[in-house]
Amino acid sequence: MEYVIEMLNIRKEFPGIVANDNITVQLKKGEIHALLGENGAGKSTLMNVLFGLYQPEAGEIRVNGEKVKITNPNVANNLGIGMVHQHFMLVEPFTVTQNIILGSEPKGKFGSVNIKEAEKEIREISDRYGLKVDPSAKIRDISVGMQQRVEILKTLYRGAEVLIFDEPTAVLTPQEINELMDIMRSLVKEGKSIILITHKLKEIMEVCDRCTVIRKGKGIGTVVVKDTNPDELASLMVGREVNFKTDKKPAEPKEVVLHIEDLFVQDVRKIDLVKGLNLDVRAGEIVGIAGVDGNGQSELIEAITGLRKSRSGKIMLNDKNITNLSPRNVTKSGLGHIPQDRHKYGLVLDYPIGANMVLQTYYQKPFSKVSVLNYKEIYKKAKELIEEYDVRTPSEYTPARALSGGNQQKAIIGREIDRSPDLLIAAQPTRGLDVGAIEFIHKKLIEERDKGKAILLVSFELDEIMNVSDRIAVMFDGKIVANLTPTETNEQELGLLMAGSTINGAGDSNDIK
Amino acid sequence: MLDILASIVPTVLFFSAPLIFTALGGVFSERSGVINIGLEGLMVIGAFVGIIFNLTFADVFGNFTPWISIIVATIVGALFSAIHAVASVSFRADQTVSGVAINMLALGVGVYLTKVWYGKGQTDMVAEPFNSTNIPILSDIPIIGPIFFEGIYITSYVAIIVAFIAWFVLYKTAFGLRLRAVGEHPMAADTNGINVYKMRYIAVLISGALGGLGGSVFALTIVSNFSHSTIVGQGFMSLAAVIFGKWHPLGAMGAALFFGFAQSLSVVSTGIPLLEDIPQIYLLIAPYVLTILALAGFIGRADAPRANGIPYVKGSR
Amino acid sequence: ACGGGDNKEKGNNNNSGDTAKNEDSNDFKVGMVTDLGGVDDKSFNQSAWEGLKVFGEQNGLTEGEGYTYEQSNAKEDYIPNLTRLVRNKYDLIYGIGFELKEDLTTIAEQNSDLHFAIVDDVIELPNVVSITFKEHEGSFLVGVAAALKTKTNKLGFVGGIDSPLINKFEAGFIAGAKSVNPNIEVDVQYAESFGDPAKGKLIATNMYNNGIDVIYHASGATGNGVFNQAKDLKQNDADREIWVIGVDRDQHEEGKVGDQNVTLTSMIKRVDVAVENVSTMSMKNEFPGGEKLEFGIEEDGIGFATTNQEAMTEEIINTVNEWKDKILKGEVKVPTTREELKTFEEGL
Amino acid sequence: MTSNNRLFGILVPIISVLLGLLVGALIMLVSGHNPIEGYTALWNGAFYDAFTIGETIRRITPLILTGLAIAFAFRTGLFNIGAEGQVIVGWLAAVWVGIAIEAPMIIHLPLAIIAGALAGGIWGFIPGILKAKLGVHEVIVTIMMNYIALFVSNEIVRSVLTEHKTTTEKIASSASLGSEWLQSITFYSRLHYGILIALFAAAVMWFVINRTTVGYELKAVGFNRHASKYAGMNVSKNIVLSMVISGVFAGLAGVMEGLGTYGTVSVISGFTNLGFDGIAVALLGANNPLGVVLAAILFGVLKEGAGEMPSAGVPTELVDIIIAIIIFFVASSYIIRWTLTRFKKEGK
């Protein structure tokens, strides 16, 4: 059998943990090979070993049957291995072209870089694979999906034959995911081989040929995708049965908790991104906001939470006008917020995870009295939350930075729910999490709803929106363009609405203006 | 008005030139992600070497002495900054701490050696300093000629040319692209096969070279000897110029020229009728107040290179 | 640094031994504490130390035991340095420079059995002698020289820090210049620092640009910038008349440009003479405690340099000496402050 | 793991100091001096008797405070190079109140101290507010504020507090931190009660940073501005507050000099260096209060001891070299840890 890449019995240790314990993965030429495992199972580590960022303690790597030592990314590049990282490796102030040629620049006059030449070549590659990237745009000005294509272009520009994708779809919208799938198919058609890391079983079923499962650092085995099904994959990975369809009772909506009227919000460039938005969320219901990234969702959340000033309009929380109040006052009025960007907003990574558990409440009793902190109470609370929300951490004194993404997310969710806010805004609460963790978080959200709290869920995952919401508000171009009931709609209809086409009869199902 | 310009431009240029060199050094270092508050110390070393070499070899090299002196100071500055590079790149030292240590070390070594070699705390005056000249041809241009090309130190023009070269290197060459990438997102650079450590070493050495050059030019155009008070704050002013100029070579040059202009103005204005009666104290603090106002008023927010100050540890996240 | 009890004992013995040894030889000990300039400042600290050395050598004292100096690197070093000398039983202790006034006062009050001397300021205590100089007289003389030398009738004065002491230089200089020619203009600028050559050069550039051809500086290391600029102009145009007048000591060396020299003359302050005199008095048990000794032209404590023979022509020297005589005879009373200068000018 | 960390926490500084002294000894050897004599002199300079010990403590006092000032700002992610200027204005204001007011000590002294602290605070407020509201980089503003402080203070001494003199009169004894008792037990050193204020300030900083909601906020803002805003903290307020508190600490360092060491304020030609040395102290002390106190002690001892080194023929600058090397080693603790870990492994 012909393998382009063989990773045999790889072992990689970090201080105090064996991230990869005797794992074997073999990649056939021209296949898309999935790598599946819980958060922290060791997938990224394994791929970083292949890409030369880490050196394994044991095991061997073969490329086209030949044993190799990949000591750094340069070696990997030369062996035709390219990687699209989980966290993009792009220099924000640089242009697309600069990012792509970085490290292997075409030379021009007087030792300068021949940017024109490079742009031409990039345009060619872009066209060949249907990537539609503007070579002269700045990274910071383009969407996340575009940035990912730049990452792909980077590997292709270097002549990669094997592409590693580390959770490429976690940050993409459904449209973008579909486009990525097409791109991957065309890559394989051109003779490339792909390793794909993803938590989304649907994607594995859709594009992958085979799938290697990792659990807690150990290789569980490799299965042929068309011989298996999502349930089997999930239980292989978690080691137990997983419930995909979230069980829930019908909602019993009560009084309006959040009322938004004719809201306008600008972004940093002073352009209106929320344009006259109206929305109500009631106690005891989960309202899901569906929409393509960039239609004003972030600005809407920031306006409600007080992180951004709104230009005009009114936001009422529990009949209290909270428009343009400070975040502290909004929080006090009964808001909880699971932020979309957990590293930027959700946590002080250098604080112990325990100290992070009181990020909004440190100034209140019993965590402090007359401005003096009471660590005993703080860490008592932290310990409780860590247990209740199954945050896996060595101790409550461990810096938040040291936790895996999934566990960081669980900590944030625990903290926000525990304050028992009347309105909980959950933005992309399960991004990048494994199915087990997703299941857990969905359960928690529904529990809150059942306690009579109002929940506003913002997500790019249509599955999540359909599964968890009691009501779906489709957001397009800064406005709510449709109100739907999950049971009465389907992904197709949602997709169309999100893309801006109108459907007769949409929006009459509920009392939203 | 032209008179005032004609008298102010040369002073701006000689005052600013050392700051320009040193600030450019700071730009290279910080663009690669290594904070360099050791610029002051690098200038001290440059001044020390420039003067000592000049004193020692004036007889050997004659008219070329000042030029050879600044070249030697440039080389020694680069070597000296290797300490900062080793500490902050390889040993992952806090870069600010290392910079502070560079400042103390440079002054300590400079004065210590002066005392050991000369038996006193300050050297004699050099016999071969730089002298200002009229630039041939250019100084004959009407109006502009007398203002910009008469009585000018060539080193001042070298400073401006070096600023443009620095701009070209940083913004037009592969080396510059890599260097800036390393300062913004070292891991991205690393995954593209760029040796982050090597780039940072080179950048810090360049900053040492330019700092040494700046210090020696200061000593050989303005002071003429070396003592503990030869360089007092010029390095910090250069650091301010780096930030003022938003980490851009031409910006840093502009900022340094601005400082020179403000200083000259405060001296010249005692002779300008309108400004004559302003109490001395206002003129004294004017350059510093002006800088703050300029920053607050229209220069505004500037973002440092993203990875500035963060040691790169391979494989960390 | 491994100190057992043994070592400690020895240390103590050493200390008492020191005093014992001094008793059998010549037991007079004299020391000085420099100000921030340091003993090699090419200025009055250095001059004081030279005086002390001459005194020591003449009286067969050994350096470091019979006579010594303590260098101050920061203001806060004065007290420890003075105390070190007190502790080592020095009979006469100098504080060089007005900066030491406060600290020397404190120490002198605490040690009324020892003799002290302050240079450049006045302390009214019975065991302290105050040594000051009539810098205004010397400045007057170089002012005369400047007035005779200038072609443009414009002179410059660069001061270090605007203070009573430096104002004395300023007033004397202007008085001297205007005594020769009342129409002479003097531009006065202070750098607000004794250690900012860049500022010195900026000021000098501006002054020379404005037609000033002689600058008198009383500004320490700031003056380096003045010399630098003058030399640069001279280098470029050997015929141009550009002059600097040095201060405290003959700054002829600083003025060299190839075969030429821009140092016209220097106002010389003979701290060495004063130190030598006072030390001798003290050793002979004639210590003028509580007195205020003012060294001027008469006492040979103030003078001017004639090293630059080309520039300081016989004619100039003769005229300057005429004015010197007038001062000696009391015919001219040189002003010491700006107010006195005003009166003086009105009387011209 | 943790006990290991604690061990390293103690070992690294000790090894660094030893390495620093070792390099110092090598330098002395190479430049022809006797290291044993040199270090004996250094030791004597700092610990010879009660007087030197008193002076050493006195020198440590303001260093603790400037170290705290810079450390405090660092904790909020701000780099305060302006401690120098804050020291100057604190010094000026304290002495001003000390001179201008008559009141019983119980009112006068606290008032003078508060004035100094407040002045420092205001000097920190300006860069703080500019940073918070306009995003102006605090490093430039604080550098500029240093010069403004220097020149303005000189001008006030000259034109407001005195009639064109360089030093003010002494503060009233009711505003003095000095103590006859402390002086008497230390042979008239300038040791004053300021050391208690400095240590108290360190304790306050420790408490504020580690035990209060204010500290929780300040550190959070330093670590992650966005998360702090999300958590409802007022980021601008915290930036300003941090700079003000930092300025207050530095102002207090000035108070130590004004009300403790000197009792006067003078026209100065250059910076005191207390602020710049404070940067080194803060960083050596890992920005934590206990560390700052220890670093200030090390710093003060070496600097004070340096004064005695010329008696062994060694230039005082050697101490700067030694301190710089110690800082390098502490900063590069990673490499020391790494080496230690290797030794340990091999030992096993």
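What to note about this one:
Per-chain numbering from 1; labels A, B, C and D assigned in written order.
Basically, a contact is a pair of C-beta atoms (placed from the backbone, for glycine too) under 8 Å apart; a residue touches a chain by one contact, two chains touch by 3 or more.
Keep in mind the model is a prediction, meaning the values are calculated, not measured.
Chain pairs C-D and B-D differ in how many C-beta pairs are in contact, and the one with more is B-D. Each chain gets one centre point, the mean of its Cα atoms, and the points for chain B and chain C are 35 Å apart.
Rounded to whole angstrom, the centroid-to-centroid distance between chain B and chain D, based on C-alpha atoms, equals 28 Å.
Between the Cα centres of chain A and chain D there is a gap of 47 Å. Across the assembly, chain A contributes no residue in contact with two or more other chains. Within chain B, the positions touching two or more other chains are listed as 229, 232, 284.
Along chain C, residues 162, 192, 195 each make contact with two or more other chains. In this structure, the chains touch in the following pairs: A-B, A-D, B-C, B-D, C-D. Residues 83, 87, 90-94, 96-98, 100-105, 107-109, 111-112, 115-116, 228-229, 232-233, 236-237, 239-240, 243-244, 281, 284-285, 287-289, 291-292, 295-296, 299-302 of chain B are the ones that touch chain D when the two sit in their complex.
Put simply, chain A touches chain D in their complex at residues 305, 307, 326-332, 337, 339, 344-351, 355, 359-360, 362-363, 368, 371-373.
Contact residues on chain D toward chain A in their complex (touch as defined above): 211-216, 219-220, 223-224, 226-234. Those residues of chain D whose C-beta lies close enough to touch chain B in the complex are 27, 31-32, 79, 81, 130, 134-137, 139-141, 143-145, 147-148, 151-152, 155, 270-271, 276, 279-280, 283-284, 315, 317-321, 323-325, 327-328, 330-335. Of all residues in chain B, those touching chain C in their complex are 7, 10-11, 14-15, 119-122, 124-125, 127, 129, 131-134, 151, 218, 221-225, 227, 229-230, 232, 234, 263-264, 267-268, 270-271, 280, 284.
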